[in-house]
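Below are two complexes that have subunit A in common, paired first with subunit B and then with subunit C.
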Partner chain A sequence: MGGKIFAVLVIVIAIASAVPIITHTFLGASVTPPQDISTHGAEIDKQLDETMIEAGLSFLAAQLLLGVFVWQFGGRKAGPLKNFPGGSKYLVLAALLLVGAEAIALGAMGTKAWAKVYFQPASADALPIQAQAGQFAFYFRYAGPDGKFGAIHPEKIDEGNSNFFGLDPENDIPARDDITSGELVIPVNKEIHLMMHAKDVGHSFYVRELRIQQDFVPGLDLSLHFTATKVGRYEIVCTQLCGLGHYNMKAYLNVMSQDDFDKWLKAQSS
Partner chain B sequence: MSEASAHAAQHAAPTGFIRKYVFSLDHKIIGLQYYGLALVAVVIGMVLSWLMRIHLIAPNWPIPGLQFLSKVGAPGGVMTPEYYLSLMTMHGTLMVFFVLTNAPFAAFGNYFLPIQIGAEDMAFPRFNMMSFWTTFVAFCILISAFFVGDGPPLSGWTAYAPLSAVGADSGPGQGLGQTLWGLSIFVFCIASLLGSLNFIATTLDLRTKGMTLARMPICTWAWFITACISLLAFAVLLPACLLLVLDRVGGTSFFIPSGLNISDHLQPHQGGSPLLWQHLFWFFGHPEVYIAILPAIGIVSHILINSMRKPMLSQKVIIYCMMSIGFLSYMVWGHHMFLSGMNPFSALVFSFPTLMITIPATIMTLIWLGSLYGSNLRINTASLFCLGFISMFVSGGVSGFFLAQPSIDIYLHATYFVVGHFHMVMGVAAIFAVFAGTYFWFPKMTGRMMNETLGRLHFWLTFIGTYCIFMPFHYLGLAGNVRRYSAFTDDFLVPLLPVHKFITYSALFTGAVQLIFLFNLIYSRFKGTPATANPWEATSLEWSTPSSPPPFDNFGGVHPVVYHDPYQYGVKSSTADYLMQTSPERAGETP
Partner chain C sequence: MRASCHCIAALAAVLCPALMFAGTISGKVTYTGTPVKQKPIDMSKEPSCAQQHPTPITTETIVTGANNTLGNVVVYISAGADDANAPSQTVTFTQKGCQYIPHVIALHTGQELQVSNADQTSHNIHPLAKVNREWNKSQPPGSPAIQEKFDQPEFISVKCNIHPWMHGWFAVLKTNHYSITGDSGGFSLPNLPPGKYTVTAWHEDYGTQTQDVTITGNETKSIDFSFKAKAY
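Right, the complex of A and B next:
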């Protein structure tokens, strides 16, 4: 009796688990990644879908087999024992070949998507923006008309006077025209070269729609490049535990047309 | 070998209460002490998870009584965001170290490894006692963080530097609380090293006559392999914690670079690297996953064979799989750090062996499934938990396929998908094995059977409950729900709140169900049906002891002689369908 209940239960659970994945919704909430707005995201999504199919089939097959075998042999009157046809040899071979091939294929295909984000540097005409993460806010900096960023002086950081980056405009000429913003405003269809700087502890930059996530590491200035393809406003959230305000550390990514962006930039520098 | 066993048995059975039950040299008592400590830790850890789950669906709701735990952290019972993180840190640390490392490995391993190889005790009984009491000290240091200054640390069980290294500037709990955390884990590492050495020496040196390595039960193998992993893993975490504590109190800068401005204070550090901590931590952290799950695999295989009344399709293959998992576990730590800023090429180097780990895991799963085929599977609480383990292991395992790929990790990293993955495969699966082990070995440890009706009820409700909790975590992760948030105020997270409510209700329900287990444990200890000598008709040496619980020297002054492989089930014999390892019947005929 217990064996039959288990068999039914495990099969019901397996199918019920798969339903939200297939229907994309659970208790009214969408459980699918939101629409991708980047040039590289399609490959990540494709990789995710393919993995979902392969992992999903393995999951269902294993749970169903477990259910079927327990149904068939669980709690039965002791009878003659049987061995799985072929013994362990074919099972080991199947795991080696199938899973091995699956792993190698997924690994190789996934490399492409990864490479697109990380293996090529930003192109020369990408728009450089500096992002700084600190407890518990993001700030963004544009180089201004001279195209040069002023140097960061951690000891000069003074949030009360809006000197978030610790600039020294008195002695540092490139710093004078730098534009600081609490929102990441970017032109659509233009490659962005994001230079990432952590002010205090580790943080992370995550925009679901952009399919981008990257840690800010103190002492290690990293860079990231991406192109947004859709005008709109999207949330940037911190995903690296950074302290008590972590849950509230966010900013917005504002993707504008090139014209709107130029106007915005002009308004900022005046 | 017998010479060594005789040597180990030199200490006589103690008579006083303190030497018998408190500072005991007896591996069985030490095993029970580990089990008891894990039980206390799991109850605290579970209550913490309840508090967190309640807070997540109702951040402003006062939780009655919480203000007594911390006036600052929960004024009027309403948890502050920082206190949420503190409870989360303590939950993770307690569960990973004091439950998942202690229960399947240290508790059951201590109790049964020596018996299963026919030894009278561990190779170094005094080290064994020391390892438990050192663990206990580590536990006390960790718990004391609740009651100091501004409370427990909030940097998570992974304690990423520099948040964990710079001291009180970085937030509440990051003062003394974080230092206590570092010290606690440092002490825990010492205890684990002592324990691992003991397990290895015992397995290699104290096997009784006829007990070749090939004749050891699968769980003995699992504990042995785990001890080897643990020896190398904790040996790395130990200095890492020491360096962390030095950064905090000694003014060093191992993990802190220059130029950090924290809470308007320029930090007086330079030259350190936050990534160094991550490398050291995960070099331990990934093998740690297998320290929790390999003993579980061993226990489940051991019990399942007994329930199926036939050996596994291949015992050797399972052991080789465990070894290869242990070996691979040291090459994959970087998959926790794909987005940490290390060289992106290294992501591919770490991704490949991670994907490869699915091969031995799949082989083991297929062997379990293939062995079920054609068996005379007996259904009882212990075997149900084993079957539940297989189901959980599969469910938690397949999600690893996503996270092993750096390109997908870009999206899923630090989301609830990860939380769902490791809770299922490392948390629930390992706990299911502990439950299975408890129901199976309870008659040996106490001389009484656990109540079967309550046991089954416990299983059905827990099995359904854990799926209801942890499966939706994956959906949340796919929707991009970030982890370690104390409230979901972001626009895109708000629509997901119904899912969180469902999870919270499931967690409260499943947690409450564990009271059935606790009641059963206590009730059966005193009122359970007395157990027969070999209630499960099992073959391995723990069922050859003269009494239950076994006498101080396990076999009553006799050295058992082993004639067979551990799992002679489904064979023709005078006793029924099995041959005990100590039975001379048909000696020489079977392997």
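Right, the complex of A and C next:
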């Protein structure tokens, strides 16, 4: 009797778990749309949906099967079970192959969306912007009218003096017209080449609407490219626990029309 | 009766030499050259602070006034007037609009310092002390003022890691004779008994300068300091 109740419980849990999966997959987009403002986001969303459907169905099937077995054998007194054909060795092997094939299939399909961002370099006319994460703020740097970034000298970092990147304008001419901003201001429909580095510990660059989440790793110069398709102001948050001010580590992504962006850039350099 | 009057006068002279021979050193701090333009501070990360500054405030590394006067210079007696005791009053340092008010404070070794947070956001006060003990305390909005003291004379750079643009200075001195210049660059060091003094002017970016001054009696000696502005 206890076995039957348990079997029903397992199936109820399975169906209850299916509710959020189904809501996400079939209603998600219309219920809570995290709007997508990127050119590559649709592919990532599609991939997430596929993963959700596949993993959701597998989960449901496994859970129902579990329920059936519990129903069937839950009340049994101890005694030998009939062997799986070929013995348990083959059972384990078959399970591994099944799960492995699913994981590989999801990975292989997902690579496409991922590779678009990571395997293709930014196009030559992408706008280069440097992003620096440090406890507990993001700063962004534009090359300025000369199109050249000044070299970085960590020992010159002087935050109280707004020298967040450690520039040396006294001796380094390209650094003199570099523009530093606490907000990532970009033109719409223009590819951005974001060059990322961490000043201290690990951080992360996450813009939900851009469908981008990339860690900053101390000691590595990481490169990211994207194109924003909608004008607006979006939040950039740090999603790697980085210290006591982590909760407050954020910045804004300000997507402007090309005209507004040019005006902004001009105002910054004057 | 007359004898007792003399007595009181003599006693006063012994007890309060500063009042009897109140020498003063005063003057102005100026700069030559063209100081670097101060940068506007981007506080977009902290909206509750950003909205307190309709026009963005700028960095306060170089604060100047008309006629090339230089502010935020700590002028103090670095030799000749060592005071053993810290004054009993508390020095206050406030965080308001994600800015330190004032930018520079001076205090005596062992003098009580009170740091308060007038903002709706958390700050952390991090004096980057090298001689004194370094500390870093977090202060959420509405929390009581932080009380601290420094034992050794030192110029300590103060920062807030949550708002990296915030920058201030604690000038910990072993004298009570100091003056911090405003935009007009003026300073005055009163109540100096006769003696030989070394006056030091300290600026966070331009460094220090010293001058020797001798006070002989009830007089005001005028000295000026002039710093060379850095182009970058």
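Heads up, the rule we're going with is that the second predicted complex is superposed on the first by the 230 of 270 C-alpha atoms of A that agree within 3 Å, B and C clash if a C-alpha of one lies under 4 Å from a C-alpha of the other, contacts with A are read in each partner's own complex, and residues count from 1 in each chain.
In the analysis below, a residue touches a chain if its C-beta (ideal position, glycine included) is under 8 Å from a C-beta of that chain, and two chains touch if they have at least 3 such contacts.
Quick caveat, the model's predicted, so the values are computed rather than measured.
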Is it subunit B or subunit C that touches the larger share of residues in subunit A? B
Mind working out whether A:65 is in touch with subunit B, subunit C, both or neither, as first, second, both or neither? first
Which partner chains sit in contact with A:137 here, subunit B, subunit C, both or neither? Use first/second/both/neither. second
Touching partner for A:225 - first (subunit B), second (subunit C), both, neither: neither
First, second, both or neither for A:161, with subunit B first and subunit C second: second
Quick one: classify A:248 as touching subunit B (first), subunit C (second), both or neither. both
So in the superposed three-chain picture, is A:183 touching just subunit B, just subunit C, both, or none of them (first/second/both/neither)? second
Touching A:193 in the superposition: subunit B (first), subunit C (second), both, neither? neither
Subunit B versus subunit C as contact partner of A:202, first or second or both or neither: first
Scan A:217 for contacts with subunit B and subunit C and give back first, second, both or neither. first
Does any part of subunit A touch subunit B in one structure and subunit C in the other, and if so which residues? 134-135, 159, 243-245, 248, 250
Would you pull the subunit B residues touching subunit A in the complex into a rising list? 80-82, 85, 154-156, 160, 162-163, 166, 170-172, 174, 256-264, 266, 272-275, 309-310, 313-314, 317, 339-341, 344-345, 347-348, 351-352, 355-356, 358-359, 362-363, 365-367, 369-380, 384, 387-388, 390-391, 394-395, 398-399, 401-402, 405-408, 410-411, 413-415, 456, 460, 463-464, 467, 471-472, 475-476, 478-480, 482-492, 495-499, 502, 570, 577
Subunit A contacts subunit B in the complex at 1-3, 5-6, 9-10, 13, 17, 20-21, 26-34, 43-44, 47-48, 51-52, 54-56, 58-59, 62-63, 65-66, 69-70, 72-76, 78-79, 81-84, 87-88, 91-92, 94-96, 98-100, 103-104, 106-107, 110-114, 117-119, 134-135, 152, 154-155, 157, 159, 166, 199-202, 204, 206, 208, 211-215, 217-220, 222, 235, 237, 239-248, 250
In their complex, what parts of subunit C are in touch with subunit A? 39, 41-46, 59, 61, 121-122, 124, 138, 157, 159, 161-168, 205, 230-232
Note: in the complex, subunit A contacts subunit C through residues 134-138, 159-162, 164, 169-170, 176, 181-183, 243-245, 248, 250-252
